[in-house]
Amino acid sequence: MNKLTTAEEAVKKVKDGDTLLVGGFLMAGSPETLIKALLETSTAKDLTIVSNDTGTVDSNMIKVMQQGRVKKVHGSYIGSNPMTGQMLIDDKDSVTLYPQGTLAEKIRCGGAGIAGFYTPVGVGTIIEDGKEKRTFDGKDYLLETALRGNVAFVKATVADKFGNCFMRGSTKNFGAIMARAADYVVAEAKKIVEVGELDPELVTIPGIFIDALVQSEDA
Amino acid sequence: MNKLTTAEEAVKKVKDGDTLLVGGFLMAGSPETLIKALLETSTAKDLTIVSNDTGTVDSNMIKVMQQGRVKKVHGSYIGSNPMTGQMLIDDKDSVTLYPQGTLAEKIRCGGAGIAGFYTPVGVGTIIEDGKEKRTFDGKDYLLETALRGNVAFVKATVADKFGNCFMRGSTKNFGAIMARAADYVVAEAKKIVEVGELDPELVTIPGIFIDALVQSEDA
Amino acid sequence: MDTKNFIAKRVAKELKDGDVVNLGIGLPTLVANYVPEGIQITLQAEHGILGSGPAAKPGEEDPEIINAGGFPITVLPGACFFDSSTSFGIIRGGHVDVTILGALQVDEKGNIANWMVPGKRVPGMGGAMDLVVGAKEVIVAMEHAIKGEPKIMKTCTYPLTAVGVVKKIITEMGVMDITKDGIVLTEVAPGFTAEDVQAVTDAKLIVPNNLAVMEI
Amino acid sequence: MDTKNFIAKRVAKELKDGDVVNLGIGLPTLVANYVPEGIQITLQAEHGILGSGPAAKPGEEDPEIINAGGFPITVLPGACFFDSSTSFGIIRGGHVDVTILGALQVDEKGNIANWMVPGKRVPGMGGAMDLVVGAKEVIVAMEHAIKGEPKIMKTCTYPLTAVGVVKKIITEMGVMDITKDGIVLTEVAPGFTAEDVQAVTDAKLIVPNNLAVMEI
């Protein structure tokens, strides 16, 4: 049960055609060490990327996209990555945008064994196209379904060797839920400590969700 | 915005016919100071109680029930409170039982603006009576809807005067979600500290959810 | 005082003690600078903060504590942090009292369009749809028109962010309430008349006899 | 060794290194005492713990750290705590590898009934329905029959906890796998024959030629 490995080794789990969940909100909590390894040492292609924003012009995901390895994006706010904007212009089906809370809840449901949920967000907008609309107590809701990945990359502030992750401040965002919604989960951590050194009350992601643990270059 | 008050004052918010959410799992996290005040100083009746277990023979809720003030229970495991078992025998519609995760998720949805969700739990059992069954990706799920209360009682280990609550160890259970799903929320805390003294990373319930704060007799 | 600060200062007068407030990027963030004396509010940031404070001072930036625009900020005593599903549970669940944000268009039904212009590059809706549906009160704070082109419409022509959610619009020209009868101009800014406002407004404004002057 | 400990010890041999395990109240809790050398498991408690340890010593009880039966326990290094909705997200989401629990009845379709007996006082299902649906593997650990009355049935007669979820049954008389062809007796306990087991089993058991002896 040794989860410690290198970024290069961990990203080998990403296969052609995989759906990859990538934690982070802009640069906060973005697993750049892992994305850089994906960029430099992996050739996996036809990837579907699930990410709030697909990063910024200064981060590594845009470079993976420039390699032509991303065929599909599920996101919410993509104004910070012009490549994703361009994908949407070139092929409107290549990028699916969701209200941020809907994206978060879809991923949470994917990790929590819930098939779908009814949200009032998006009613009366183009978001409702193709979705079931249903009234509860006189108010309209849309049915949204769960979203999961083959692999997830997340970033922790501190992790213990069992994989328990503490994500500090506003870095929790999507990583905390994505780690529960993929078949194989890699965490990079700024600091890695022995089991027992992390306060049980500070665990953002229980170690049972983490399959591989990598020292972040942001240490 | 002074939220500090007495248990006697706080329980006045419970009116005849109200739905009251009560945190706790058996005795862990059970807001006994508040339930005792409800027992001794309030006359609110025709109450609907939402509780995982409605407490034990040693706790205060059974005494409130003995006063004939509870007309309905939503719970999951009621083996520890014989009054609730008797209610179910006397009138099967007076107690509704849910799988524990379904009860938790119904309350979470009530607090999170989600009208309903599809869970695989209960399919093929008497739980599915009267519920919509639907297939997603070849697997059957039941539609469960959100549950909210007029008032919630929860218990914290430490609270600051703004209402930020830290619920230690296994006391988080239902209180952490119930505090988000009621119109008026009262927290009793074993220890009350100044704003700024509680580590922001240890907050189980953000203070914005807490309307009234009471010193617990369990101090 | 420039137009944006003028608007922000007037918006701040809408806030009540104890309010949980989400401020959109741009002009709305300025509102935090004008919260009236004696009024304590809690700022919510949709990526996971309650109790956001001012921008971090140069040299004191913490890359793990940023605002929704990605910039380093501070937090106030009593703050807390959480993940995105918890955050949008707070928003969608009705626990944000006021959200203040800009718009491309607002119309007399309270519809708002603020996330895409057809034919232009689409940045995505981010948390805007959740916020306008979830918050108890939606205040649109924006410049009244763009180069004379009205933004306050009889009917929005851009893709909507949400239907029937806006109750108040505050611009450099005035304050408007959206009612079931239409848009009521309740205050007009110094130096403007109701006719001036109507001239750059597509919707027909209802002007009460006792039209007040907008004070900041 | 008494019957319950015998069963628990055999069940423990099913555990694999790294497994996340939820143990029901009663006999299943004894399994924790027999985890084989070199195998590290993580115990999940449905009210909000990963990494539960042994019962608290007298005088060292902490009322804020209890097991699902309400009794004070300890936690091991690497443990963590969370609320009920998070906990059942873990359970329902398929992140518990094995759940071990007792039953009133199990049948050859893998159906399980373990929460109510018609006409008797109903304690409620608690987390049992979530656990048997959510866990990757469901092992029923129980005494084979009650006073000669079979509990392993062709078809359950009591209200079900879940449909088609049980894959393995371990009793003091043997080990059974539930397959699409029916219930296969894979091991028989020392001192019993396959016929002995069949005699207190309602379902027809499939007995392979190479029937193994149950070892603990």
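Just so it is clear, A, B, C and D label the chains in written order, and each chain counts residues from 1 on its own.
Here is the rule we go by: contacts are C-beta pairs under 8 Å (C-beta built on N, C-alpha and C of every residue); 3 or more make two chains touch, one makes a residue touch a chain.
Source: prediction; values computed, not measured.
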item	value
Least step count from chain A to chain B, where 1 means the two chains touch	1
Chain pair with the higher count of C-beta pairs in contact (A-C, B-C)	A-C
Far-end chain from chain D, centres as C-alpha averages	C
Centroid distance [mean C-alpha coordinates] between chain C and chain B, Å	35
Mean-CA-position distance for chain D and chain B (Å)	29
Chain centre separation in whole Å, for chain D relative to chain C (CA means)	55
Overlap residues in chain B, where contacts from two or more other chains coincide	105, 108, 112-114, 119-120, 168, 201
Multi-partner residues of chain D (each touching 2 or more other chains)	75, 81-82, 88-89, 91-92, 134
Full enumeration of touching chain pairs	A-B, A-C, A-D, B-C, B-D
Parts of chain C lying in touch with chain B, wherever the complex brings them together	17-18, 20, 40, 42, 44, 50-51, 75, 77-82, 88-95, 134
Complex contacts: residues of chain A adjacent to chain C	25-29, 52-53, 56, 75-80, 82, 85, 88-89, 97-102, 104-105, 107-108, 119-127, 157, 167-177, 204
Interface residues, chain D side, partner chain B - complex	45-49, 62-66, 68, 70, 75, 81-85, 87-89, 91-92, 111, 121-130, 133-134, 159-164
Chain B residues within the chain C interface of the complex	1, 108, 111-114, 160, 162, 164, 180-181, 195-196, 198, 200-201, 203, 206-209
Partner chain B, residues of chain A touching it in the complex	105, 109, 112-120, 134, 136-137, 139, 141, 145, 166, 168, 201-202
